[in-house]
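Lettered A, B and C in written order, each chain numbered from 1.
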């Protein structure tokens, strides 16, 4: 137990960084994901193609590869960001591909009549999407987005590779430098559960709130 | 195709607008690509000197070996994780409360855990607990522990997705629970799960890149070593990304094709793991049944 | 003429006689035994040397990314560097033959800094020659033969940097080193205000960070830095003001006294017969460094209970392991 108690401070700061990283990149992922989803359902073919290209490319490359290309490779072309920003940006870009797909799937669940009615009363495509379809789509999208958030919390661990001192980084350091890896491992598992379990609960609540009772 | 929710075909004015937007979009995309390429070119990163080493036969073979290692770890893990996952799924559906609790706790614990840490743990700590593993197996053990939890959920959903009628019919003709499972339920649900298993393989291939942190010489590490040697880290990593892209894209396509075929054949949804990986929602596409 | 040289000469003489005697019915013997070929020695049963000899391969952990010490050539797949040459010298002492023949029998595994103790305890390698600094913490987990080289920690900065000239100048600066390395600990001690929040698994990553301007300096053993400078002469320079002494040793299973003695004997022999210097000149020397006097091997008495080789848990129980503290260094 000692190894955990002695390092409570490090764990605390690691936990805070993990949360900060997860929240930052999830906001980014939502923003990019919305744009991607809009691209993918737009009536403009090049935009649809661009959206599909984004999703297929990002989804099929391991996020760690993306991170290393960005962090170690891009300085060669003059793009240098700090460790935290690099990690947040790549996690946002990666997660956005899945967020985009989830939102698109959500849009597809909105019944056709809704859009037809919107157009009948003279709304443009953007208005139809923004005022009628999207708000309804987002409701059905809450559970998959919640799951994506939980997956993102776990993926923040990748940032440890570029020396962001989040939970995994702290834990890895203790696992490799002490003989009590098992304790450290269990402690970290609990720390991640502390993050993901409430997240799951909150998602459940939101889901109940926004769900349409028929 | 425009999403069905967004209504029917565009009218004449809409079409005109869409055409204008298309032209603008193409210009904008072209501009972004141009900026990016210029950035590379100005930094000298498009010079053939930087890429040339990656076309040498020995280097290609070296990358091939990395890909092979990635494939080996991923496929061994997929097979063993499937077996273990099936046990977990059966555990979760078992009539015994104890079994259900054990299986459920396992799944909850391992699903909520970052894989990278599991790999570190398996590599550094298991030996200290007296479990000796080669580097390859310590990577595989981590992948298996984790993916068994994910696949277990997929299998469970697959089994539950079968029409109740199947179970009822099986018991009507006098099969016992176990027999029904083995002879009726599993064969059918396994077929339905094939596309999902292929998608999970894609996830596994991506996950294998994490083994990089313990020095397993998979594709990513291969790329890094080559990049160090030829001082073209950016190019080597880009090539690694492209290899992953091509392999995974192909596999994803196969998964999708299998899925479409099954939809036609069984007129039902397959098991959707909404999102990537882990990911997650194991549920049915067909809303009528969920 | 020294004793070892005399032994060597007489061995060669015997070899010549044997080769001559067998030449008629076994022409291969002459082919494999070049002028430097040695006879394979015999070892007492139950020793690690005998086990290795019987197995026919020597499993060595080294670094694959350490220019001048252990660097993997992706084309040939060969690992090249001073550590590799040392491993070959050991292999020759075990298997006999020429150094080239013996080199073929060495199986190299990559061991990054943080995994070295674990790999030895696992028994996945016979020994680790990987710019491995001997210190007391590590002695609690593994044993060391040697040192076969003494490096010193130095600082590498951007070529145009004139403000960092010594370790104290690192206060308030961003300094990169490798996770779990002694270098990291040293800089924290000697420049407590240095920002060491950025650390990676490999020094090449630190060099990338320096090139990108993410850190102000990279600090570790001078020879490693020299290797990085050799590859990027336009970007980096070494301050040339060492502030520690880092004896590099050969890490082996804790308590394997016979093997450790054998390794120490072999190193001393290599000092005498010039093969050590040859190994140095062909590797580290390429970065423009003169071969120094080889360091005296340290035959310290292994503390802590000696554990039998196949039981790695004994030496890692919390009591036997000083590293069980929360210290980030190993």
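The rule we apply is simple: a residue touches a chain if its C-beta (ideal position, glycine included) is under 8 Å from a C-beta of that chain, and two chains touch if they have at least 3 such contacts.
Please read all numbers here as calculations on a predicted model, not as lab measurements.
If you compare A-C with A-B, the chain pair joined by more contacting C-beta pairs is A-B. Distance between Cα centroids is largest for the pairing of chain B with C.
Chain B has the C-alpha centroid lying closest to the overall centroid of all protein C-alpha atoms shown.
Centre-to-centre separation of chain B and chain C, using mean CA positions: 40 Å. Per-chain CA centroids place chain A at a distance of 43 Å from chain C.
Centroid to centroid, with C-alpha atoms defining each point, chain A and chain B lie 17 Å apart.
Within chain C, residues 115, 118, 201, 208, 316 each touch two or more of the remaining chains. Contact of a single residue of chain A with at least two other chains is seen at positions 72, 161, 176, 179. Taken residue by residue, chain B touches two or more other chains at 124, 128-129, 213, 233, whereas all remaining positions touch fewer. The touching residues of chain A, when paired with chain B in their complex, are 40-47, 50, 56-57, 59-66, 68-69, 72-74, 76-79, 98, 101-102, 104-105, 107-112, 114-116, 118-119, 125, 128-129, 133, 137, 143-144, 147-148, 150-151, 154-158, 160-161, 168, 171-172, 175-176, 179, 181-182, 185, 188-189, 192-193, 196-197.
Against chain C, the residues of chain A that register as touching in their complex are 3, 6-7, 72, 75, 80, 82-83, 161-163, 165, 173-174, 176-180.
Considering their complex, residues 2-8, 10, 14, 18, 21-22, 25-26, 29, 39-40, 42-43, 45, 109, 112-117, 120-121, 124-125, 128-129, 202, 205-207, 209-210, 212-213, 220, 224, 233-234, 237-238, 240-241, 244-245, 248-249, 252, 274-281, 287 of chain B touch chain A. Residues 64-65, 71-77, 109-112, 115, 118, 121-124, 201, 204, 208, 231-232, 312-313, 316 of chain C are the ones that touch chain B when the two sit in their complex.
Interface residues of chain B facing chain C in the complex, by the touch rule stated above, are 56, 58-59, 62, 123-124, 127-130, 132-135, 213-215, 217, 222, 225-226, 228-231, 233.
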